[in-house]
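Listed after this line are the structures, all set down as C-alpha cells.
Common to both upcoming complexes is chain A, partnered first by chain B, then by chain C.
Moving on, here comes the complex of A and B:
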C-alpha cells in the first residue's frame, strides 16, 4: 500500500500536526537548546554593539545588516539539528517507515522550526532596540518583513538541513550550503526592505520588494514540498 | 577505437582550430575599439567563458533532474563533471571581467552591480556544490543529495544571466535587441570565440566522463579483489 493511501482526507493534516507537536516537544524538552540560541543571539548583538562603540557609523544604515546577520547566526544553529537528530538517533528510519509522506514530515518540521526561529528573531529584535538607541521605525512593516523573510529562510534552511544531515561535517556544511543561496534570495530582498523601513518607508512603499520576498518564499516552500521525498529516501 | 573516443578527438581538434583562429581574430584581425581601446579584446574570451559557465551549470541542472527521475548514475556523473568545468570557466570569466573593468572603469570590481554580484554568487553556489560532494561518500545517497542541491542552486543562473537586462547598471549588455554597438568583424570574432570555447567545453566534458567511468571500473575491480582475495585474470 502506498503511504498516501493510508491517509484519508484530514488525516494528512493531523499527521503534519503530530510531527509539528513532536518537534516542539523535543525542542522544549531540552531547554538548554533554546537557552543557548537565545544567548547566542545576545552574544552576536553584543559583539556588534561593542565593535561599533569604537567605530563611527550610521546606526540607521547598518541596522538591517546587523539584525539579519543575528537572525542568520542564531537561525542556522536552530536549523542544523532538525534532521541531524533523526539521523543520529536512528529515528529517521521510523519516520520513513510511518505511513505518512515525506512532505508531511517537511511541513511539520517547517512549521515548528518557523515558530522557534520567529520567536528567536523577535527576541533579537527587542534586544537590538535595547542595545542600539534607534528611533522606532514603522513596527508593523518591520515585523511583516521579518516574518516574510523568515518564512523563506526557514523553508530553505529545512531543505538544506535535510541535505547536510546526511553528510560528514554536517554542522559546518549547513552554513556552507545555505549562505550562497541566501545571498541572492533573502539577503538581496529582505535585508534591503528592512533597510528601507529603517529609512522611514512603510509597507505601501515597498510593494515590489515584498512581491519578490513572497516569490522566493513560494519557491522555497514549493521546492521543499517537491524535493524532500528524495532526501528522506534510504 | 570506441566511437566516443573518435568523437572526443574530433571535438578537441575543432576546439584547437577554433581557439587558434579565435586568438588570431581577436588580437590581430579585429579592429581596436574606438572608446575602450586594446583592453576591449579580452571581451571575446570573457563572453565566451561566461557563456560556457552558464551552459555547464544548465547541464548540471539537467543532469540533476534526470538523475532524480531515472536514478541512473551516469546522469550524476554528468552533473558533477559539468559543474567542475563550469567552475573553471566561471573563474576565467570573473578574472577576465575584472581585467576588462580595470581598463575601462578603473576598478576591478563594482560590488553594487547586480550582474557582478549574482555571477559571484553563482560561483559560490557551485563551490558549495563541490564541497557537498567532497563531504559525502560515493553512492546513491550522494547522487541524490547533490542533485537536489544542484536543482536549488540552478535558480541563480537565470538571475545572473538576466541581471544586466533587469537592472541596467554598469555591466554592458552584449546581445542587445538593436544589435549592439559592435562592428561586424567584432561580432564574427566573438562568435568564433564562443564556438571555440563551446567545443573546448564538450571535449573536456567527454574526457572527464571517461575518467569517471574508469574510476568506477577501478572501484569494481577493487571490490572483486576484496571479495575473492585475488585478482581473477580469466
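Moving on, here comes the complex of A and C:
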C-alpha cells in the first residue's frame, strides 16, 4: 500500500532534523571536519606562540587577532567538504529529488556545522589560554562574541561551500570566495569586539559592535535561505 | 490519472557544440516497462536525468502526471524514483540509516516497518546495521534500489541498473521490477544490456542520433538485428550530433 504521507512530503522541521542528524553522524564517523580543524587550530596557535616568543609584544592587544585567525583558518578548511562530499558521493542528486525545500538542507547542514565548529572554537579558545599566559577576560562576553561571530562565519561558509562544490578545484575556490567577504564583515567586527573584551569591557559596552555582528549574521543566514534553491538545482 | 503519465515533446539538449538530444519525443503510459537501449555516450543518461527532473533540457516540454512547470516540481518528485548507475549512498551511514534519512525526507509513516520490508526485498536485511562503505558494488546497487522504491513512487527511472550486479542480483532486480509493475508502477529503464532489458520490456526503443526509434512490433531477435543496423546506419555508437 502506498504510504499516504509520502504524497504530502516531509515537514520542514523533521526534514531539517533528519539532515542535521545525518550530518553529525557522518562527521563524527569520518571526522573529516573535526580532524582538520583540530590540527589547524593547534598548528596556528603553536606558530603564533613560537613567533611571539622572540619579540616583545602586548599579548592583550594581539589576543583577539590571534584567536580569530585561528578560528578563521581552521573553520574555513572544515567547511569545504560540507557540500563537496554530497557532489562526490552523488547524494546531492538524491537530496535534490526529495520533495523537500532546499532550505531544509541548508539549515540542517548549517546547524550541524555550527555545532561542530562552535565546539572546536571553544576548544581552540582553551588552547589559546594554555599557549598564551593571558589573564581571563569576562568569559560570558567572550563566548557570546565567539557564538555570534561563528553564526555568521558558518552561514556564509555553508553558502560558499554550496557554490564552490559545483566548481572544479572547489577546495581552492572556497577560500578565494570566502576570505574577502568574511574578513571585511564578521571577522573584522568580531576581532574588534573581542579586543574590547580583552581590554576589560563587557557586553553592555559593546552594543554597537554586537548589533553589527548580528546584522551580518542575519544577512548571511538569509542569503543562504534565499539562494540555496538555485544552488541545489542544476 | 491519465493513461499518459509522461509526455515529452521536442526535447533538445546540447553540450557545447555536441547536440545529444534533438527534438526527441516520448510518451510513457501507466504500467509501461519502457526499456531504452543505446550505446555509450549517446545521451541516455542525459535523457533520463531530464525526465527525472534532475537537469533541464535546452528546449521542449515535459508533462508528468498531467503536471507541468516549476510550481509542480515537488509534487512530481514525490511520485518519481530515480536510480543511477552509481549507487549514490552515504558510505559512513549504515544501510538502515541511509533508508531512514530518506524515509524522513519523504515523511513515510511507520518507517521502521517499511525500511525492514525494503531491506528484505533487496536481500540486505542481515546487513542492516553495517556501514555502506563495507558493501560490495552489487550490494550498494541493491540498497540504492531499496532507497529508490522506499517512498512507493508511481514512476521509476533506472539508469543502467544492471551495472555492477551479478547474475543473481540482476535476476532479483527483474523480479522486483515485474512485481512492482504488477502493482501499477511504471518503469523507464535505460541499458545497453539487450538480454536483460528485453526480458522485462513491455515497450522498447533505441536512442540514436538524438532521437528515439521505437520498435513496438519487433520480436527480440528482430529487435537485436535492427538495433545493430541502427547503430551502424545512424551513427548511434558515435554519440551525439556535431553542430
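The working rule: the second predicted complex is superposed on the first by the 220 of 234 C-alpha atoms of A that agree within 3 Å, B and C clash if a C-alpha of one lies under 4 Å from a C-alpha of the other, contacts with A are read in each partner's own complex, and residues count from 1 in each chain.
Throughout what follows, a contact is a pair of C-beta atoms (placed from the backbone, for glycine too) under 8 Å apart; a residue touches a chain by one contact, two chains touch by 3 or more.
Values in this document were obtained by computation on a predicted structure and should not be read as measured data.
Once the two complexes are overlaid on the shared chain, A:130 sits clear of chain B and of chain C alike.
When the two complexes are overlaid, the chain among chain B and chain C that reaches more residues of chain A is C. In the superposition on chain A, A:163 makes contact with chain B only, while chain C stays out of contact range. Once chain A of one complex is fitted onto chain A of the other, the partner contacts of A:231 are limited to chain B, with no touch recorded for chain C. Applying the stated contact rule after C-alpha superposition, one finds that A:180 touches chain B and leaves chain C untouched.
With both structures placed on the common chain, the touch criterion links A:219 to chain B but leaves chain C unconnected. Of the two partner chains placed by the overlay, neither chain B nor chain C lies in contact with A:13. Put simply, chain C touches chain A in their complex at residues 52-56, 74-75, 77-80, 82, 84, 86-93, 97, 100-102, 104-110, 114, 131, 147, 151-152. Chain A makes touch with chain C in their complex at residues 2-11, 14-15, 17-19, 22, 25-26, 29-30, 89-91, 93-100, 234.
The touching residues of chain B, counted against chain A in their complex, run 68, 117-118, 121, 124-125, 127-128, 131-132, 135-136, 141-142, 144-145, 147-149, 151-153, 155-156, 159. Interface residues of chain A facing chain B in the complex, by the touch rule stated above, are 156, 159-160, 163, 166-169, 173, 176-177, 179-181, 183-185, 219, 223, 227, 230-231, 233.
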